[in-house]
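Quick heads-up: structures coming right below.
Both complexes shown next keep chain A, but they swap its partner, so chain B is in the first and chain C is in the second.
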Partner chain A sequence: MARIELCNITKKFKKVTALDNINIDVKDKEFFVLFGPAGAGKTTILKTIAGIEFPDEGHVKIDGKIVNLVEPAKRNVSMVFENYALYPHISVFDNIASPMRSPLYKKDEETVKKEVYRVASMMKIDHLMERLPSQLSNGQRQRVALGRCLVREPNVFLMDEPIAHLDAKMRHFMRSELKEMQSSFNTTTIYVTHDYMEAMSLGDRIAIINEGKIEQIGSSDEVYYTPANEFVAKLLGEPEINIFPAELEMDGRGLKVRMLGQENLIDICDDVAKVLNKKGSGKLDVGIRGNDVKFSFEKIDDNYLKGTVYIVEPIGNKTVLTVSINKQLIRIIAPNDFRAEMDSSIYIKFNMDNAMFFNGEDKTFIIRHNQDHYLRR
Partner chain B sequence: MNTKKLSLLTEIGRNAILALWAIFALFPLFWMVLITFKHDAEMYTTTFIFTPTLENYKAVLINTNYFKAFFDNIIVSGGAVLVSVLVGVPAAYALARYNFKKKEDLAFQILSFKFAPEILVILPLFMIYQKIRLFDTHIGLIWVYQLITMPLLIWVVRGYFEDINVEIEHAAQLDGYSWYHVFLKILLPLIKPGLVAAALLSFIFAWNSFTFPLLLSAFKVETVTVSVLKYLASDTVHYGQMAVAASVSALPEVILALIIQKHLVRGLSFGAVKG
Partner chain C sequence: MAKLTLKNVFKRYDNSGKKKVKNDYAVKELSFECVDGEFVGILGPSGCGKTTTLRMIAGLEDITGGDICIGESRVNDLPPKDRHIGLAFEDYALYPPLTVYDNIAFNLRAKNVSESEIQKEISRIAPLLKVDDILEYKPVALSGGQKQRVNIARAIVRKPKLLLLDEPLSHLDGKMRQVLRTEIKRLHKEIKCTTIIVTHDQLEAMSLADRIVIMKDGQLQQFGTPLEVYDDPVNEFVAGFIGEPPMNIMTVKISKQEGEFFFDFANSDVRISVPKRYYPVVKEGMSVRLGVRPTDVLIGDENSKGSKVKVAVFENLGEERRVSIRVGDEYLNLTTAEEIRYKAGDTIKLEVNAEKTHLFDINTGDRIRVK
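Moving on to the complex of A and B:
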């Protein structure tokens, strides 16, 4: 149980800047998720906390104490490595027991046995205890690695994509198991993932990392409904959010937007219009998620825009429909029984209540309708 | 039916070739053991029928100080391998794990010690050894044997260290083990097959070394390879006695290889990390 702070951490590998002035304050008992694309620096952050990598600048603090010069062994952190890092010459049992047999965290053999079997049954690997790591599948190895991490009571659990290589069913099971464990363990956890569903379901807070910089830190609602910029918006959600340029125009009744080169102007909500008015001119991007777009094969009213069906991808419980309007591709979530001919005409309507508005130049978030409501949740 | 016949034929052919090769490789050894039981007079006959005698064994093992040479050889070869292991394993670890300037140059330099023929460096070494009184000492030979044993050991063990994912070490450190514990409990078992094989080979090279002990030692320290020369008498060559000396001197290598055989298992390190 501990609070973990990273203050102005900068880390360079030769000329490549892996971490650029990272500031994170993970509260005690918090489940903190680091989320970002491959190569963003997520693993480097974990290793810096563990003491395996040394920051070029900045401080790592555990419970308020600067631990930059403390050896990894003495930081009392527990880590799952992405490539498992199991000890190949000893059995699964001995692998999981290893932390409890080390000079620093020694327990008597009876406790070791009890704890190892408790963790192993949770991971559903208690029938594999005598095997060597080489005799396991990748998913089993990953569960052994997770077991070796969870068998201790450290300051913090560091998990580097701990369930990424499990099969889908096991992954969902482990995800809920981890969530359940989090509430009973009362231990700080820092969790790296590139799966947005894992990030949103597990994290008390999520930090979105890109190219060694933090793009945003917030609860899953905050990062999903009010992303700091277009990058964050695109990273969260499946299918990817639709973002396209729009122009603001004044007509008799107030501020409106023109999108996708259409003739008629689209209404925007009053609270949004107020903020956009203040911002004045300049490029504007509109972001709308796939489930905020209605579609019809007939033109119901003026707000429906005409497009053509580009791709229809049925993916089980839903269908992702891609519509082309004026060369811009719009991804829409449709019911799973949706059928359409390629290149046939279709009309779509954006739900402007849920639209997000971004600055077209620096791609930062400006406003959405009912923003305070989302931030208060 | 046809394929069965074919596979039977290839099986027979393969075994015949292997048997031929085995005979070719083992016959000289067999012949050497055979002539240890022959009188000098029968030495040049090629028949397998003769009256066996233990005269040669008696002449070599009892009447000369063969065993002193034998134990000297054990001391210098064993000592050389021991020093190589103690110094070479940390060196191999450093070459595998750390990045420093001119790392590859240094590794190549170590390997290059084996390039030069021994006879090339022996003259200056002889002068130096005379001056610093290492001539005809155990330590002197152990030292010069490092040229033979160390490069091999460092290069083999380095490869084994490079095969071990560094995150295994990190994981062990996070489990609460100090670096020495990690080394002894995790790394050493993983490099064991390579270490054992390299040490055995080093021992064989050191044991069979001839040029260095011939020129860098005299009477106080004498190795088996050099002592075999004694049986080249001025009037005749005692092939039978030479064969005894050579056969007995091959025994430690054979015994060591048999003992160590079960440790020469490769493949333990597979499956440690995602692959």
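Moving on to the complex of A and C:
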């Protein structure tokens, strides 16, 4: 149990800057997720905390104490790797017991047995104790690896994509299980993933990492509903959010937007208009998620824009409808029985209440309607 | 362009040297017919015989029994080159010393097509696959997505009767995969060639194909449109294989109370009413597998008669929210696009969309249908 701080951490591999001035303050007992695409630097951050990598600049603190010069074994961290890294020649029991038999954290065998069985029953592997890792399924191996990590009382659990190797079904299941067990960990946890659903589900807070920098830190609601920039918005959600340029224009009744080369202007909410008005001119991008677009084969009102069906992709519980308007592709979530001919006409209407507005130059977030409501939750 | 017919196709490998042979046949009694211009997906887990099937259609594997017809003609004994087939495999297998242009032209030159004709064909095909800007490049300079585009261009430039794609997207990363998936579907609309795609990814099969052949252990399980296999699976395997998040499939025991039947979940006190339409096929004490998709598990209002259950896990996943309820060692999941908020330990009333429940035989896994 401990607070983990990274202060101005910079790490270079030869000429490549892997981590660029990283600042993170993970609270005691917090479940903190590092989320980002492959190569963003997530695992390097984890290794820096574990002491496997040394930062070129900055401090790593555990409970306020600088540990830069403390060797990994003495930092009392517990790590789970994506590839399980079990000892192949010893049983499940001995694998889980191994951290408690190390010279530094040695416990008497009675305690070892008690602890191993406590963790094993939590992970539902108590019936597999005599097996070798080679006699287990991937899901079971991952449970053993997690169990081995949980068996001690370390300062912090470090988990590097622990369920990324599992098939889709098992991954959904293990994600729910991890979430259910979370409260019983009672220990600060830092969890690396590239799966936005894992990040949103598990994290008390999420740090979004890109090219060695932090793009945003916030709760799942904060990063999903008020992303710091277009990069974050695109990373969260499936299908990817629609983002395209728009122009502000004044008509008789107030500020409106023109987008996708359309004749008619589209209304925006008053609170949004106020902020955009203050910002003045300059390029603007609009972001609208796939479930905030209505569609119809008829033009119902002036806010419906005409486009053509680019593609219809049924994916089970829903259909992803992609509409082309003025060469811009808009992805829309439609009911699972929706069907339409490619290249036929269709009308779509954006739910501007849920639109996000970004600066068209630096791609940072400006405003959305009812913003405080999302941040309060 | 042509239709494709498989009639009672068998494939048997000679396993006489090996001790443990689980299944003698790689493909067994496989029959299906793709109509002219159709896009058909062959879907199944690894080892189900889907690639063997494709290779038999292409002529790369002998057929142990049955017939394969392209158009009206039986092709069992035709060599691959005479079957008028375009083939694109998972690994692009481009000729490294040749440019993209020469790679695409290779097969046409082998057939002594004139250079002017080749140029005409390539200028027609290249824009469709967005390779017109890279015709002078060599494969080493291309990304995975570009290589696969060239590979597919090479397959369709011969104007095949049949286009066969073997896991064309599985080497690509997430975003590229989605882009190329869309483009393959657009391409199919342009060239209207009968196309077969082999994949283990149900999402890929669902989004691309007009109809899907679902295979397991060398045998056909179901052949239908994406909506048919999703909404009306013939057995537990298909029900569990299709759909993401996966269908809840659990063992339940039928009980009877005051003339009404209930599903009692194994190792749990959760129960739900048996929809009336199942009354003719259920008996008290009978065990069945109950399948219901997470989107068809519902939260009842205060008047609901549904069983009271505790939320084990609540997840906000952006587009949808997910509630998991503990049922023995498993979870019963529900997902909804509505803006609900719960926390672990909250009590909800559990209901299901009765029309969308499926029953499977506990031994065979076959769907129990109501007349």
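A few comments on the model shown:
Methods note: the second predicted complex is superposed on the first by the 349 of 377 C-alpha atoms of A that agree within 3 Å, B and C clash if a C-alpha of one lies under 4 Å from a C-alpha of the other, contacts with A are read in each partner's own complex, and residues count from 1 in each chain.
Keep this in mind: a residue touches a chain if its C-beta (ideal position, glycine included) is under 8 Å from a C-beta of that chain, and two chains touch if they have at least 3 such contacts.
Quick caveat: nothing in here was measured; it's all calculated off a predicted structure.
In the superposed model, A:337 lies in contact with chain C only, and not with chain B. When the shared chain is aligned, chain C comes close enough to touch A:238, but chain B does not. Using the contact criterion defined above for the overlaid structures, shared-chain residue A:124 touches chain C, although it does not reach chain B. By the touch criterion stated above, A:315 is placed in contact with chain C alone, chain B being left untouched.
By the document's definition of touching, of the two partners only chain B reaches A:71; chain C does not.
When the shared chain is aligned, chain B comes close enough to touch A:105, but chain C does not. In the superposition on chain A, A:52 makes contact with chain B only, while chain C stays out of contact range. Interface residues of chain A, counted against chain C in their complex, comprise 38, 124, 168-169, 172-173, 175-176, 179-180, 183, 196-197, 200-201, 220-221, 224, 236-238, 289-291, 310-311, 313-317, 320, 322, 333, 336-337, 342-343, 377. Within the complex formed with chain A, the chain B residues making contact are 165, 167-168, 170-178, 181, 186, 189-190, 267-274.
Residues of chain A that touch chain B in their complex: 47, 50, 52, 71-73, 75, 77-79, 81-89, 98-99, 102-105, 132-136, 138, 141, 148, 165.
On the side of chain C, the complex with chain A involves touching residues 173, 181-182, 185-186, 189, 202-203, 206-208, 226-227, 230, 240, 242-246, 293-295, 312-313, 315-319, 322, 324, 326, 329-331, 333, 335, 337, 341, 344.
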